[in-house]
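After this come two complexes, each holding chain A, first together with chain B and then together with chain C.
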Partner chain A sequence: MSDKTYDRQNPAFYALLIALVVMAIGPIYLMLATSLKLNVDIMSDSSSLLFMPTLRNYETALCDFLWYEPEHLRRCDPTFGRALVNSLVIGLVSTAITLVIGTMAAYALVRFRFMGRDVVSLWTLMMRMVPPAVLLVPVFGIWTFQFGIDGSRGGIVLVYVALNLPFVIWILQSFIVQVPIQLEEAARMDGAGPFQVFFLVVLPLIKPGIAAASIFTFRVAWNEFLLANALADRNSRTVPVTIVNSLTEFDIDWGVIMATGMLLAIPPIIFTFVASRQIITGMTAGAVKG
Partner chain B sequence: MPEIRLQQLRKDYGAVNVIENLNLEMADGEFTVLVGPSGCGKSTTLRMIAGLESVTGGQIMIGDRDVSLLEPKERDLAMVFQDYALYPHMNVAKNMSFALRLARMNKSDIEARVKDVAATLDLTAYLDRKPAELSGGQRQRVAMGRALVRDAGTFLFDEPLSNLDAKLRGQMRAELALMSQRIKKNMIYVTHDQVEAMTLGDKIVVMKFGEIMQAGTPEELYRSPANKFVAGFIGSPTMNFLNAELVDDAGTLFAKGDGFSIPLPDARKGALQAHRDRNIHIGIRPSSFAEGPGGLKMPVILSEYIGAQSVLISELGGQRVSIEINTVAPIRAGEEREFTVQGDEVHLFDPKTEAAL
Partner chain C sequence: MSTARANRMTPYLFLAPAGIVLAVALFYPICYMIYASFLDWNPSQRIGEADFIGLRNYTKLFSDAAFRESMWVTIKFSMVVVTIEMILGVGLALLLDRNIRGMSVLRTLFILPMMIAPIVVGLMWRYMYHPTVGIFNRTLTDWGFDPIPWLADGDWAFASVVIADVWQWTPFIFILSLAALQSLPASAIEASKIDGATGWQQIIYIKLPLMLPVLIVTLLLRLIDSFKVLEVILVMTNGGPGLSTEILSLRINRTASEFRELGEAAAMSNLLLIVLLILTFTMFIYNKAQDARMARLRKVEEEV
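Up next, the complex of A and B:
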């Protein structure tokens, strides 16, 4: 009886659902479809859902990594391939560095008593409130004129680490607080030094936190445009910057841009999938009497 | 197995003084129980011995070494925590071998020792399980096992049985007693349960407000408590306290109160002479009452029949009194019965200082 009333919904509700689905999936479908079309099909006035799908655009974008030479290319342009490598390297390296520094800083802030601890704890988060656009000019100035590391991958990694650290420290603090202090005391009684307590007892228990933080960090580094655009040169450009830079007034190769866009979406999905498997609740179950 | 000495030990938390001038000696291989109500400083004392809590003043000597400022791992101790503190990401075998692996012992030795201890604790079948997959009693045994695999000179226990249900607690208590007989090491055990203290300890240290009220064997504490607090804390059901007056009647001293007058043995006369005609507190253990003719007539208000014994709640001079007697059949409430008390089983206390007279 109640099932029936549950089943029958206002048609407007379904219309709204469909609209939302179209809004969510539409752009991705358009990107996928365009990436599989020839330029002739893309530019033709009679835009049709029926076309001959081709992987040509992907071949063009990835020509550097192919073991064969695509027939349609006269010359292989390495721009997109290089950008993908740059994005991967910068994303992974900055994530790794952020996590190493972030876990240690968070642990120190939670467990050690030192002067200025509360101030540091508060201000790490406040720093995150500053919009990257505000940082753009000073960072560009310092990176270029003081450090001389503009246009290198290292420079971009450095700014991403600085950008992500506050949030990572903040999120990991809440995970470390939940590790029962008795476990650390037990480890100390068992003969563990401070680093052994950290690496052998605390770190395995905050794995879910580290996974969450790494997803966040990698995603920010992967998508960031503003600072990368200011700091990168031809050889260190990331994918978002490259895509925007390939929209010129002379030639816009929509097919290749959309293919790159599709390729851009894949690594974060894989990364998130792998990392999220580490997010298991109840890591500390059975440690102490609850 | 060195002896342990606490000398003038002191602990402050900021401006709050928790422990002041604590002096205690524990002999080689002795099972010492620190007991007292919560907040009496017993756990803090244990944690200072362990090295988990810093020492504000005084010294902790283990053998000839002053360990007050050493790290826990340099003190040759093993500890069992109140809430187990098992490493949740390691299985039982890994939990137990953690200390040995840190000490870089060779693998086959570790395995042999873990197997050995697991067998004595009945844990062999669970070595591959994670702590989350174990029951409370099993977790407690793993926590014990983790301490036992280490050949430490001294074992510390911080209320290890307080999280178990009554039946399991009894079992584990017996296992602990057997274990301490077998391995004969220094053991320091903290509890708030006087039954645990009485059954396990070679020596019991009763604490209150960071001070030692009395230290001695279980029998000493039971037979001749140094003050009212120890008298009331040790023994179950607890001792009855009544107001009385010391009266000399024809050469015999009486503890005279509302509705009772108990003759005291002549042997105590000398010591009590100074308190004649003064108000005192008397303490009578529930088990010191015996049913018999010619005694005090007392009403039975409530009767708890436990089987071989009954605990009766009665009234004497307007004050509640509990009585423990051997029974064959239950005694009904509402009856009036006669009970006698032997004068040498009456404890006398100074009402001001609460010290035993």
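Up next, the complex of A and C:
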């Protein structure tokens, strides 16, 4: 909306808005608050609003990276720190690979119409609907017995790239279609080869699409649990896997678990605040434009 | 000459990496799974060593009461969740489609539940449903009510899982319907205002019918996604108590990792995939039909 005037609404409307906001972020706030509490405070019956915030749970989770030794810890458990590194590496590498090959494929599909676009979009749509649970059995079997890449980060990256590619291709297609072909023709006139046209002319123009695609890709790789759980060994576990593993134990340390959950949630939260417009574009691209 | 050939090869060069990855890591596994669903296969065997048992995995599944129960739970879950979310999401969109300050902030906050990891969502809700330290039972006991066995009783556990999913995914429908509402032609709404339509009449006769195409696609998208829900329920209840919240994808996971029946798990995955393909195909056909209709309308307009 370009006009700066806003309609006045009645107070009940604002009350409803506030209630909605509280409902949307209340659970997240609770998790944050719990992660800043000592276990004594979590278990106590007194009011949960007043407590001394402490970073102790985060120190426990991240003890591997600290330059000092937290005095409340007798022994540092490096599981979570290692998982965090794994998650970051897997997330970033798979996002980078997916984007590079995804943009190239999307560009080829739009510009060199050698296959019906309907066929392609039906295929990508169908592939997009494949849930990780369906891939569980075959990916486990193939990765273990045929490729021999189970338990390595590379194996997990490969699944994530495959899982994300259809969506990335699909969403980037809708951005590339909007790039005027005259621009590319002009560049070609000036003697640019197909790769130059792609990297110097097309890529800069579809930056918003790439931003949306990379956020979605990274999010899937960062959040996914099932396939990572099936493929990872002790050294390549990602954060979601370690969280679920520590949950199955009988006595749950809520403070530390909420701290790890919070650490897992922080990158997506940052993306949301930085690029909410791109995210909404990505979400609505399929449904609203048809 | 060589540049001409290079140009002709370009599309294939651009497509090759994606094609190879998809073939190796998506298409091949799916074919593999279809084949595996006809095998009696456990995780310690290579696939070549597994016995071919024809359709026995499928017949076993359909006579298995636990599987039928989990199928029913899946369908019940999807139906309930999608209905509630559609009503809430569309209702909120109609209500909040106004020119107010801070709308973009609101939308940003609403996306948060969808962006954070499902594992974390499950974690948050499990904590809130905790019998003693959770906020719900604490509030209830503070107000003098009896605590509710949120995750310990079958029916309550199902309701709890539904509530968590509604919390997470209503914003999706809200955002899509809001986008649809804001792209409606202003002229139609102006015209109805001039004709003296009340707010409700506008919604029922103008806005909802015009939004319908988007709403149907949203519904299908959400329905497809609701079959994929896994992590949230895994963390909250792990399918229990009993089988009350064990949706199909959880059962696949358990059959594969706990019961070590890969063939049976593959057969289940196959059935799930078929359901999803039907839904996807419906969506595609519907989209095509819509496009065709729009094109026809445009043509008529041009002729007039």
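Keep this in mind: the second predicted complex is superposed on the first by the 229 of 290 C-alpha atoms of A that agree within 3 Å, B and C clash if a C-alpha of one lies under 4 Å from a C-alpha of the other, contacts with A are read in each partner's own complex, and residues count from 1 in each chain.
Note that in this section contacts are C-beta pairs under 8 Å (C-beta built on N, C-alpha and C of every residue); 3 or more make two chains touch, one makes a residue touch a chain.
Just so it is clear, the structure is predicted and the values come from calculations on it, not from any experiment.
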{"item": "Partner chain(s) touched by A:Leu205 [first = chain B, second = chain C, both, neither]", "value": "first"}
{"item": "Which of chain B and chain C A:Phe140 touches, first, second, both or neither", "value": "second"}
{"item": "First, second, both or neither for A:Ala33, with chain B first and chain C second", "value": "neither"}
{"item": "Partner chain in contact with A:Ala96 - chain B first, chain C second, else both or neither", "value": "neither"}
{"item": "Partner chain(s) touched by A:Ile171 [first = chain B, second = chain C, both, neither]", "value": "neither"}
{"item": "Which partner reaches more residues of chain A (counting touched residues only), chain B or chain C", "value": "C"}
{"item": "Which of chain B and chain C A:Asp190 touches, first, second, both or neither", "value": "first"}
{"item": "Chain C-contacting residues of chain A that also contact chain B", "value": "193, 283-284, 286-288"}
{"item": "Residue ranges of chain A touching chain C (in the complex, touch as defined)", "value": "1, 5-7, 9, 16-17, 20-21, 23-25, 27-28, 30-31, 34, 42-43, 48, 100-102, 104-105, 107-109, 111-112, 114, 118, 121-122, 125-127, 129-142, 145, 158-159, 161-163, 165-166, 169, 193-194, 198, 219, 222-223, 225-226, 230, 240, 243-244, 247, 254, 257-258, 261-262, 264-265, 268-269, 271-273, 276-277, 279-280, 283-284, 286-288, 290"}
{"item": "Residue ranges of chain B touching chain A (in the complex, touch as defined)", "value": "50-52, 71-73, 77-79, 81-89, 98-99, 102-103, 130-134, 136, 139, 146, 150, 163"}
{"item": "Footprint of chain A on chain C - complex, ascending", "value": "3, 6-7, 10-12, 14-15, 17-19, 21-22, 24-26, 28-30, 32-33, 36, 41, 43, 46-47, 92, 95-96, 98-101, 104, 106-113, 115-121, 123-125, 127-128, 133, 135, 138, 167, 171-172, 175-176, 179-180, 183, 213-214, 217-218, 221, 224, 227-228, 230-231, 234-235, 248-249, 252-253, 256-257, 262, 265-266, 269, 272-273, 276-277, 279-281, 283-284, 287-288, 290-291"}
{"item": "For the chain A and chain B complex, residues of the former touching the latter", "value": "180, 182-183, 185-193, 196, 200-201, 204-205, 282-289"}
